[in-house]
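The structure appears right after this line, and notes come after that.
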Amino acid sequence: MSGNTFGTLFTVTTFGESHGPAIGCVIDGCPPGMDLSEADIQPELDRRKPGTSRHVTQRQEPDTVEILSGVYQGKTTGTPIALLIRNQDQRSKDYGNITETFRPGHADFTYWSKYGIRDPRGGGRSSARLTAPVVGAAAIAKKWLKQKFGTEFKGGMSQLGEIAIPFQAWEHAAENPFFAPTADAALITQLENYMDDLRKDGDSIGAKIDVVATNVPVGLGEPIYDKLDADIAFAMMGINAVKGVEIGAGFQSVAQRGSVHGDEITPQGFVGNNAGGILGGISTGQDITVSIAIKPTSSIRTPRQSIDKDGKPVMVETFGRHDPCVGIRATPIAEAMLALVLMDHALRHRAQCGDVVSPDFFAR
Amino acid sequence: MSGNTFGTLFTVTTFGESHGPAIGCVIDGCPPGMDLSEADIQPELDRRKPGTSRHVTQRQEPDTVEILSGVYQGKTTGTPIALLIRNQDQRSKDYGNITETFRPGHADFTYWSKYGIRDPRGGGRSSARLTAPVVGAAAIAKKWLKQKFGTEFKGGMSQLGEIAIPFQAWEHAAENPFFAPTADAALITQLENYMDDLRKDGDSIGAKIDVVATNVPVGLGEPIYDKLDADIAFAMMGINAVKGVEIGAGFQSVAQRGSVHGDEITPQGFVGNNAGGILGGISTGQDITVSIAIKPTSSIRTPRQSIDKDGKPVMVETFGRHDPCVGIRATPIAEAMLALVLMDHALRHRAQCGDVVSPDFFAR
Amino acid sequence: MSGNTFGTLFTVTTFGESHGPAIGCVIDGCPPGMDLSEADIQPELDRRKPGTSRHVTQRQEPDTVEILSGVYQGKTTGTPIALLIRNQDQRSKDYGNITETFRPGHADFTYWSKYGIRDPRGGGRSSARLTAPVVGAAAIAKKWLKQKFGTEFKGGMSQLGEIAIPFQAWEHAAENPFFAPTADAALITQLENYMDDLRKDGDSIGAKIDVVATNVPVGLGEPIYDKLDADIAFAMMGINAVKGVEIGAGFQSVAQRGSVHGDEITPQGFVGNNAGGILGGISTGQDITVSIAIKPTSSIRTPRQSIDKDGKPVMVETFGRHDPCVGIRATPIAEAMLALVLMDHALRHRAQCGDVVSPDFFAR
Amino acid sequence: MSGNTFGTLFTVTTFGESHGPAIGCVIDGCPPGMDLSEADIQPELDRRKPGTSRHVTQRQEPDTVEILSGVYQGKTTGTPIALLIRNQDQRSKDYGNITETFRPGHADFTYWSKYGIRDPRGGGRSSARLTAPVVGAAAIAKKWLKQKFGTEFKGGMSQLGEIAIPFQAWEHAAENPFFAPTADAALITQLENYMDDLRKDGDSIGAKIDVVATNVPVGLGEPIYDKLDADIAFAMMGINAVKGVEIGAGFQSVAQRGSVHGDEITPQGFVGNNAGGILGGISTGQDITVSIAIKPTSSIRTPRQSIDKDGKPVMVETFGRHDPCVGIRATPIAEAMLALVLMDHALRHRAQCGDVVSPDFFAR
């Protein structure tokens, strides 16, 4: 209830601070009998870990995951699965005036106002580092959904600052440091130069990320409040730095006519997907398509005006290891959140309606 | 858990179908001792009720609310407040082939796929009519928040189809049928003509709605999953026909630099509000600003291809009383959802941190 | 979260006060496609309603239930089922000093202390009348469990004051006003005389009630906190006037040796049932056996010392229509609570583990 | 929802198996700003740890707790507090036929039936070892309740098998290996001889434990389902081996008359405490008194008949380190559960009603 548990039936309760002894999570509700080991989880953590290119933070964290419970002889037992990731890069550095001042764009002021105390080391609990345990948990959800329904998750960057990244194919997202779903080498170079310039300027930039789930069973989502799209919006807006969420046609729907937007249906299936795979809060069986807006990193080397705990004006300038575009590493995180939402709704669905049997309705 | 309860500490559990005997809700967790009667609730219901202009559905529903419990001698007692709204306009008409076919853009296919059964009368549970009980519940939340913190809610339409509606002042939203926050008579005429043309075409259109909460206490929001912005996104995306949600700068953040986006702080307060009043998932005390994209009404008089329950192709054409732009009546609904989120978080905050005492930090 | 919702997946949210306009509940999570009408619910309400013998309160309430939603053409749709029971016997009598004084043994002092306000009419929210909606909701659960697993619920009184009621057969519970599972006419006469004497004395008495569920599937219960027995204890202790709960051997376990208590297992099944059908918090497939202690009615005609809102001493004497033994009408309520717990756990079980397929393990 | 989280606002999510790498928990919702270190928690763990006398299991576990998060510079920050206890005594012994057979009285059969798989090492998740993390979490709750209200928790054994232990004073519970609240040396000797004889017989025995909370604020408890007594019953019945729970007069209420049971009130306070400190599900401000029945340990050296996974009859005999009376170590666990319930309800109360200000009502 204090906000550190995600999900209702497949729950992920995380703990930890950026520079504390460890981060991790407890996953409850995992169906029993599924093969599981650290080898299923580590690759997902590696996709989002820092230090993999010059365009992201140079913090070195192996993010090695240990399964503490819930698995016996290589299979899930139905009991809680605890994941532990020790923080290795706890630099006992001087945090300087960060502990006394509120960095613009950061959660410093709000945590301090809410709790009367905050852990300033590396952003404490509000650090994007805390997305690691969820990515780990989502690896378990992804595996189950894949085995059960064939569901898969893909994602990539569709815009970096002012630069649009036309979609070519999801597999290209793994071929460049930006998760850009394109094989256009010139465009990749443009993105790299853009980032290099930005770093020189000591500034940062936003990004737009798209994620998609394929082979989604029909019928997931609990109207009228825990709609599938509502829970996706909740999951996405909860990711650090996200300021906007779209499902399907998103904000383009505003200027669309009903005769254009409403996806017609034929015996072979839906004709379009303006709905983004969700109608009335329930999955249609089409691809679920989501876009998110990620704000520019708040930690920049450009001096900015702020105040300290006594309300006195100060100038704040951030040094050290920071992603100049937090959007770059956001793709695996957004995929993870989408997977957790679908996993949770798959279990919720069968609680009320019994096991999902996708109607082989359309002549696909 | 089956999705018909909104909130965690101030909960609203709704029931009812568009053409059943009644709709209503049970509100649990309301603080005791607050003056309350139907007169506090009815005006909010009247703001969103149908039949108030030629641009919205002509269904005639007085939407008269009855308080069944939780109030004694004009004061809340801390026990559940049940609201009942009898459906008066239950036309026992022939629903015709609607019961056997899936209307494009509607929840017909998904409800039927999920539950194996659906109530087709007026959209059943998926009807926008079900926003009435929440608007009623939110009237209670609004009253408490106003008394406790001075918090107020405002909203209006910022775009109708392709037509942008430049903001002038919130009070104008009550002066025209579109909730347009403008006194520009020519623009209102343009909107009216636009809607008239649309009706003649038998088509519908989308809209963009903005809502704002003012005098919000600092410190509301539960990181790291039940962030205030995450819960707002959940609430908004759960409204019928919403396809996109933005907080603060929203999708504009994508092309912003950190040196532009991050709101600087001075001893007098924040310099800007790209954050939309929320940092790290916790309210900053600034205005909370939200925008939503609403898709065009799916029920249109233009024939569209679809299928029936046997998978056979059919043409679907909707007659009767439908909003050609569901966005027109969405403003009070969006305000209501925002109020419910803030109410819930106000109670959650004081559970953990004690009563909210907004630091008189800034020299406002 | 404010305590007026029972259950997690099959939830019952109740509302109403003893003398308000209506009481009722919203049931969420009911599986779709089950035949349901008021005729399934009314008989259960009739079993617990007042005025059926001279040994219970003479309040006349038909307790007629109306289904407001969630049923279409005689079948559940998977959407919330709202039940409404109008209070007919709202005597606008003078409640006299009850409104200013705290009756011993009642919730008057605690409600007033907690909320700073209380509805004194007939006990307000704390009245046993509020068990009616749950009994109605449980009728739905019972029907589903019966159809799905053959599960049935039985119960009766095993002790009235000092008088033990030896068990003969459950069906006898329907044959006398005490729900006594005996055909011993002399014993029934003894109970009647006992009650008559008590009424003459203006006093009241406690009772012990036993309930049993048969044909329970194996595997229900969520360790290690939401154990089946823990949830049963929660449900039972939450019934008005209950002061003790036992599962299986209950307090007799204290003096039992392990070699006696632990139920041995053979290829034909368990040899005994000291466990009461639950091991490690999970159902074994045996009968679930529960006993509860019900305190004597607090409202008695004997004058008792108490205080008023100003802390001044007063004498309190209760007149009017009260059950001299609330335990007499408790059997259908205890059955109802047990049914709600099993229903909820049946849905929870299949969420995580898939549909229950009771292993045909034993050669029964 | 899968049952491994205790509480609603002050939540404890546990993980781990008896012989896995580690056990632990995540505590969410702790108020910020409280001094906290391992030194506050370790003493409570030491009270319940095994190996402290010859009358309990000789398993040697230091149960050393590590705080992984939620504390900064010695103070709670309001973020999740993770506790980790590494299992040191993981004997990689041959579990022999335990893995293939179902021990009578244990959860072996039910876990296997529910999940289709079970971790047989030391009872896996169903081991009483899993009470350690909760005891750790409760140490935090106890500290907060003590500071905030002066609330304290005491407990002890009131019956061992057939031997009643008359209460003298709580402090004596710390002076003997049975948590017996008596200074009667002859009685202690009798208990020791009783246990020695039992061990020689290879048998086990039940016990009755009483716990009490003092200085409880008035007004805790959420009617009408999340009553304080209902949640206490839930908490207590969820402890391993508990088969019965009583509040106040408990099962003695059955034979009590209303004129005896109902506690009268005077300007100086309540005259008696048959209510056990709770009326209408809400605390009265009196001591909360609870009794629980604990069944005899199921693991005994006496051979017992059972079956294996193939349904074949087998004889089961347990060797090794087991408590011959699990009740002996139950006192700190029962105190812990009571503390967690009160902590949770303290936060729930102030969510709805604001900070608890116990009315200085009585002239105490």
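First chain written, first letter: the chains are A, B, C and D, and each begins at residue 1.
One rule holds for everything that comes next: a residue touches a chain if its C-beta (ideal position, glycine included) is under 8 Å from a C-beta of that chain, and two chains touch if they have at least 3 such contacts.
Fair warning: this is a prediction, and the values are worked out from it, not measured in the lab.
Here the chain-to-chain distance from chain B to chain D, counted in touching steps, is 1. In this assembly, the chain whose C-alpha centre lies farthest from chain A is C. Centroids built from CA atoms put chain B at 26 Å from chain A. One inter-chain figure worth recording: chain B and chain C are separated by 39 Å, centre to centre, where each centre is the mean of the chain's CA atoms. Shown for chain B are the residues that touch two or more other chains, namely 1-5, 8-9, 14, 29, 32, 78-79, 114-116, 125, 223, 348, 351-353. Across the complex, chain B meets chain C through its residues 1-5, 8-9, 11, 13-17, 20-24, 26, 28-29, 32-33, 66, 68-70, 72, 75-82, 84, 114-119, 121, 124-125.
Interface residues of chain A facing chain B in the complex, by the touch rule stated above, are 1-6, 8-9, 14, 102, 104-107, 109-111, 113-116, 125-126, 130, 159, 161-162, 198, 203-208, 218-227, 229-238, 242-267, 271, 274-276, 278-285, 293-300, 302, 304-307, 311-313, 348-349, 351-353, 359, 361-363.
For chain A in complex with chain C, the touching residues are 1, 9, 29-32, 78-79, 223, 347-348, 350-355.
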